[in-house]
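Structures for review follow.
In what follows, subunit A forms one complex with subunit B and a second complex with subunit C.
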Partner chain A sequence: MSFMSSEQSRRDAFKLAGLAGLSLLVASPALATPEEVASAIGKAYGDRKFASGKIKMDVPEIAENGLVVPINVEVESPMTDADYVKAVHVYAEGNPLPNVISYKFTPACGKASASARMRLAQTQDVVCVAEMSDGSLYKAKATIKVTIGGCGG
Partner chain B sequence: MISKREFLQATAAASAMLLGSGLGPLGKVAAQQRLTQADILRFDPLGALTILYVADTHAQLMPLHFREPSVNLGVGEARGLPPHITDDEFRKHFQIAAGSADAFALTSDDFTALARNYGRMGGMDRVAALIGAVRAERGDNNVLLLDGGDTWQGSWTSLKTGAQDMVDVMSQLKVDAMVGHWEFTYGADRVMEIAKNAPFAFLAQNIRDNEWQEPVFEGRKMFERGGAKIAVIGQALPRTAVANPRWMFPKWEFGIREEDLQKQVEEARADGASVVVLLSHNGFDVDRKLASRVKGIDVILTAHTHDAMPGLIRVGETVLVATGSHAKFVSRLDIDVKAGKVAGVRFKLMPVFSDAIAPNAAMAALIAKVRAPFAAELARPIGKTESLLYRRGNFNGPFDDLICDAMLAERDAEIALSPGFRWGGTLLPGDTISWEHVTNATAITYPNCYRIQMTGRQLKEVLEDVADNIFHPDPYFQGGGDMVRLGGMGYSIDVSGPMGSRISGMTHLKSGKPIDAARTYTVAGWASVNENTQGPPIWDVIAAYVARTGSVSIAPNSAVRVTGA
Partner chain C sequence: MSTKPIGKVRLQSQAKAGEIIEVKTLIAHEMESGQRKDASGQVIPRKIINRFTAAFNGKPVFEAEWYPSVSSNPYQSFFFKAVESGEFAFTWKDDDGSEYVTKSKLTVA
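== the complex of A and B ==
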């Protein structure tokens, strides 16, 4: 008998043991994989190169509530007509649809910063891609843990 | 991440502190010799400022026994570093003689014999006596008294009074500021009520209203002591909303919030602080990592993980203090401030040997008063123990085995789950088990003992998730605490394995058969964070079992096999 489990059983286990408040999560369709995120990014950008830096992702290491995980993305840019951030896309590797948020910016935005809440079904990497006005691309990644927790202290 | 250089500094600092002061004066007292109040208080003063620090008292007003862990594994960068050393290794590192008073206070082996010799530790009237003596020596205006949280929860009287007993005691001790964790399990309204009215500051820079991201509490407070400005920044347990029932404080968000903390430090310096103190309920490993990333903190007063260390740990320019739990110790830090900066720090972990310290009479009277309405109930004998009952340890402890046995028997379950709490007193073989002892290990605001059906697969998922919470190599992804305790089931754990593959060899102990992933098992447990959990309170389950058993005996637990340590 294998212990390889579906996400459904994992949620049921948490709900039953009540070790944390994940019981509100409802059954969801099949989840994306890191490969699907890579493929979605590939589809959008082909084999263009991504630089690192400029993107500041503010996310919790451990989600307090998987239903509403806060994410704040800020991209360093002067936001002038000559040099600004055109768009920011957020991908979640463990969600049914990997592209969870897209933001478009103009120089009039003043700064390229946005906050949102997303639903994360399980521990996963969240990837941000920033498109700059000169055509360059930046990418950043952060792990967010969705856990039943447990407490000792 | 702590660098190798910082590690070497940490080790050197610990040794230097020991030779300089630390427990040095106690170390000179011959093994097996009892200490006097003067031995405990002896300190070569430094500068004009003294910070006194207690944490994780878990509402223990009376002296008690509390055995430190014999298994306290560190993973990742913390592997093998203090506080993740125990017994012989711990004594070697901190230069403590086996069998000495310090060995009894700080390590676990030979606990029963040493406990009979050295007696109980703690007691808030003794803590008050030590604090009073230091204030008399240094002058009231030169002493800052800080509390690291987990102060309001852990006893029947604190539960029954909504923490009012502890608030009264803290007020009389003249605590200057505190931070929180278990405090929040009294619910947002009660916490706000106390925070608004208490004579001490309740600080937490890392709690936000989840709608507007506004701070819920004051983040820091400036004090003037010893002619210097001291900024105290509060850091509540960042994982409170994961570790405890979020529905009790549904509008609050926690987290580490490093950047906000860095801003707090910079603002404090701009306001003229000569000393910046982080009063932190992060837990030791999180604080060690944080100290290497947030710049400009002079002192981190650590809590949550209940570590007691007789030396400072230095990370860069920051020193970390670990003051233990259950009022077993009071930390004293003398700080020499020169030209608006910390020029020197001297530290001593003062052990609160209750037989050696003359209680503060006013505090003894207050404790008697707050306990009086419950005194008869607390003293009620339930049964007896033939075994040493303690709790600390990463995987199990006989007190938890007793709780699991009680759940298996009283709730007619095949498997029992009990949370890896680090609080609750220790009982010696031959001790009577009273209502107070049962509730010291169980007094929480969500005590219901549930009974459910779980498949073997689901049990594995739970164990893997809790294991990752403790043994994730990056402390920022840990939640603190120990492994969930199991009754009726054994398993193997590779603590250095990756998430999802640490647990193997799950066995149903009664039948000796492997746990079947597809089979359903009847499981009892308590301290569920889900709202409206059904079942009797866990203290009634334990009391019924102990009363029926009469004299409890716990066999050594070999059901958990540990590798990768």
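== the complex of A and C ==
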């Protein structure tokens, strides 16, 4: 009898530990989803259509350290007063917040290319949107595998 | 950060007219995302540089809006088409309202 009860309490202890572990998981910060990125893009551009092409994203296939992931975005454009890249937005689909960077270019840049370093919480898709001076929009996407996440973890 | 961060800029000092040059910038800043918690479980308040702007002879050239997903000690590079001699003004705008400004001269031959 006494053996049974001690076994019982041990089981309860395990159950409690399991529950505690579960609540820890639930308490970790909510990550953005592809839907949130889509709604962030929708906020900026409504339901306008995006073409593919013109954007070249240079990102690593595998990022060992999610705290510092280099990203270069280059958009094909003559960058003249009549035809230039107005803005480029970078979004991350698996970070706590969807927005990463927004660039504003001018014809004085000569070339629509910029590099920066970003944090990625986990393996995810990074989306780039480019807005041209004539109002046309382009979109590109790249998957980056992250070995160690870089957001608060 | 107790000391005021100083933005560092690297670009060539001379260029030919029409040449496209690369401008590389770096600033020391923790870029606290507002997502992290301290040991007692309190959220560490967000404090990032939220905007970087580059102007040449007072005319805006390039602007970057940064979100908490930008790494600490943020690096930013972009390109510039040299047309005339002048001075760049680079401005980093902090969440706390302060602005960090660095200036660089460019001579066009």
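As a convention for this text, the second predicted complex is superposed on the first by the 118 of 153 C-alpha atoms of A that agree within 3 Å, B and C clash if a C-alpha of one lies under 4 Å from a C-alpha of the other, contacts with A are read in each partner's own complex, and residues count from 1 in each chain.
As a convention for this text, a residue touches a chain if its C-beta (ideal position, glycine included) is under 8 Å from a C-beta of that chain, and two chains touch if they have at least 3 such contacts.
This is a predicted model, so every value here is computed, not measured.
When the shared chain is aligned, no partner comes close enough to touch A:46: not subunit B, not subunit C. Look at A:135: by the touch rule set out above, it reaches neither subunit B nor subunit C. Once the two complexes are laid over each other on the shared chain, residue contacts for A:60 go to subunit B alone; subunit C is not touched. When the shared chain is aligned, subunit B comes close enough to touch A:147, but subunit C does not.
Within the superposed three-chain model, A:108 lies in touch with subunit C and out of touch with subunit B [touch as defined at top]. In the superposition on the C-alpha atoms of chain A, the part of subunit A touched by subunit B in one complex and by subunit C in the other spans residues 68, 150-152. Subunit C contributes residues 20, 33, 35-37, 56, 59-72, 74-81, 83 to its touches with subunit A in the complex.
Of all residues in subunit A, those touching subunit C in their complex are 29, 67-69, 79, 92, 95-97, 99-120, 150-152. Note for the complex: subunit B touches subunit A at residues 56, 150, 181-182, 210, 237, 239, 241-247, 253-256, 259, 281, 283, 303-306, 417, 419-423, 450, 452-462, 465-466, 468-470, 472, 474, 476-477, 479-482, 484, 499, 516-518, 523, 525, 527-531, 533. Chain contact summary for the complex, subunit A toward subunit B: residues 1-3, 5, 9-10, 12-21, 23, 58, 60-65, 68, 70, 123, 143, 145, 147-153.
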